[in-house]
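Here's the structure we're looking at; comments come further down.
For reference, chains read A, B, C and D in written order, and residue numbers begin at 1 within each chain.
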Amino acid sequence: MTIFNFLIFNPSGLCLYFKEFPAATSSKNNPDSWKLMYGLLHGLKGFSQFMAPRPSPSGRYLRCLSTHEYKLHCFETATCVRFVISTDPRTPDLHDQLATIYNTLYVEYVIKNPLYKLGDRIDCELFVTRLDSYLRSLPCFASS
Amino acid sequence: MIGRSERMCSAACLELMHAEMVSYFLSARETRESAQKEMERLGFRVGQKLAERYTKDYGRITEPMEVLRFIFSDFWPVVFSKPPDSLTTNNNSLYYIEDTDFRWTSKISVTSRTTLEDASYFLTFPCGIVKGAFAALDVDADVKADFQETPSRCLFTIIFKGKAIPTR
Amino acid sequence: MINCVAVVGKSNAPLFLKTYHVPETLKFHYTVHTSLDVVEEKCTIRAPSSTVSTPQDMYLGLLYPTEEFRIYGYITATKTKFIVVTDDVDVRSPLMEQFCKNLHTLYVNMVCNPFYAIEQEQKIESPVFIRQVEQLVQRFNEGSR
Amino acid sequence: MANFARSGEMAFLKADKINSEIFSLTYGAMVAQIMKDYEDIEEVNRQLDRMGQNIGSRLIDELFAKTGIPVSSNFMETAEVIAKVGFKMFLGITANVVNPTPQQYSLTFRDNPMVDFVELPDNCANLRYCNLLCGVIRGALEQVQIKVECHFVRDMLRGDETNEIQVRFLEQVRESALDQSFA
């Protein structure tokens, strides 16, 4: 199991944060692949909403997208910020971990950092380092 | 000890409001120096009022050394949400208070567009508060603060003017 | 009966003076002013048992008696002084101490008004404070009758 | 409805808190200074509203992150969330929702730590001392794609028997609009 990359999208689809881990052999580090990914997530959201047998009480529909080669885990906040992590397909659901990242890292070190202007690329030192050590501490990271 | 007051509110409110205050002064004043002066003055006023409040049930403090102790062990933990880590001195008029997780700045970190200097404006108001508290208790002191590498580690320097505090 | 309550700032500027049931004559201003010397004197004396590190009482008790009045004092940690003038010969000290403590609470709340310039030792004009002190005096006077 | 009250309660219990006078004195000092900076009281109100908007646009994430309450983009539902969750978890008080309609609702509250100790000077009849709150609400709702107009219609500092903030619905920003900005 392993983590390939981690992304944060703002409500208008801009990629605010991108981090690629060494396990990713084909790089996604370019705006075109981000646009592609955002478009897919956005479309899937509508689709999963459409397919739902009943309305979701949490208002959330999309959790993950799995293929033979990778698995995309998604978490969308009420403010329409999307956290996405791509891993090995055997990795168990990381929805809760993404929620933790939102809750304890993004809100604390991005939102509450007055030097960060809302909408800017996220490069707050504290967030970047803490996120990195959090992701590295996940079991799915260690076993790569 | 100063108790918690009956009314509490979320620390996030204060943090975000303080951030707005800093940005207001930095944009409303012509120079950064004058913005800092204003913020320190505002903090001074707030510090005086808080000292007035928090000494009410504490008793009358008369010696500058007691004042320093009051600020360090009673006033600071309440106003800045946790006790500071250490109090040191190297002579009669210079004291250092170190707070390795200063809550008013602990979530700040620099971005590619900002520097530690931009973060340092968030220390001005707190310095004013401490200075105001000293002044309210009749100790004329200057209070400055610097980051120790990161904005969460702060070293406050307290410079006593006028009569020096005897070391014990 | 309390006849006069005064608040005097850190640097001895008069912040507040009101008389009750008697006209506000110069006499009271004079009495309050003189009592400040006694306050200062009392402050220099430490309770014999105390060490440097123990906070002192704010209530100073009877400052001095005159033919008509007895004058009580209280000083806060921030060196704001409360002077209370009463015409009672026999005041129960705990009651007076409680009165001063209550006055202190009202004072602190008044100071916390963001429009009160504490650093300028601004005269106290707050209608809320004036009313509350009056009520406090009234309660004291009813209780001591 | 009851679970909103509970979410607010729980979030307030868990939150890092400070004595409210530290907050109210800081706010008060700032308001007093802005009043010195601007002769026009209306401009003071605007400044407070603008600051509130900036705060609200960040505070909303704190609210969702710390309570985990479900996403809602229904205007009427936001009333309960603000009154029972927002007011509670940030200020430790609750507001009542009055006359909710799909176009507008009012939030009323009597208790407010922001105005503890405040006595307005005579020269500021039109000052909305707590106008920051209107900005906070506006800024917060903007982040969940709801545009509103928000103002104080009653203010206890000016002698009214309660505080009342009126929130009027303007528009819902659709996701399709977001798509366009992406394209």
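By our rule, a residue touches a chain if its C-beta (ideal position, glycine included) is under 8 Å from a C-beta of that chain, and two chains touch if they have at least 3 such contacts.
The structure presented is a predicted model; accordingly, all values stated were derived computationally and were not measured.
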Contact pairs, highest-scoring chain pair: B-D
Separation of mean Cα positions, subunit D and subunit A [Å, integer]: 30
Where subunit A and subunit C are represented by their mean Cα positions, the distance between them in whole Å: 64
Chain centre separation (subunit C, subunit D; CA means) in Å: 41
Whole-Å gap separating subunit B and subunit D, where each centre is the average of the chain's CA atoms: 28
Of all residues in subunit A, the ones touching two or more other chains: 112
Residues of subunit C engaged with two or more neighbouring chains: 112
Where subunit D touches two or more other chains at once, by residue number: 21, 25, 27, 29, 58, 62, 116
Full enumeration of touching chain pairs: A-B, A-D, B-C, B-D, C-D
Complex interface listing, subunit B residues touching subunit A: 12, 15-16, 18-19, 22-23, 107-114, 118-119, 122, 150
Of all residues in subunit B, those that touch subunit C in their complex: 44-45, 48-49, 51-53, 55-56, 58-63, 65-66, 69, 135-138
Residue ranges of subunit A touching subunit D (in the complex, touch as defined): 11-13, 35, 38-39, 42, 57-60, 77-81, 99, 102-103, 106-107, 111-112, 118
Complex interface listing, subunit D residues touching subunit C: 21, 24-25, 27-29, 31-32, 116-121
Touching residues on subunit A, where the partner in the complex is subunit B: 108-109, 112-117, 120-121, 123-127
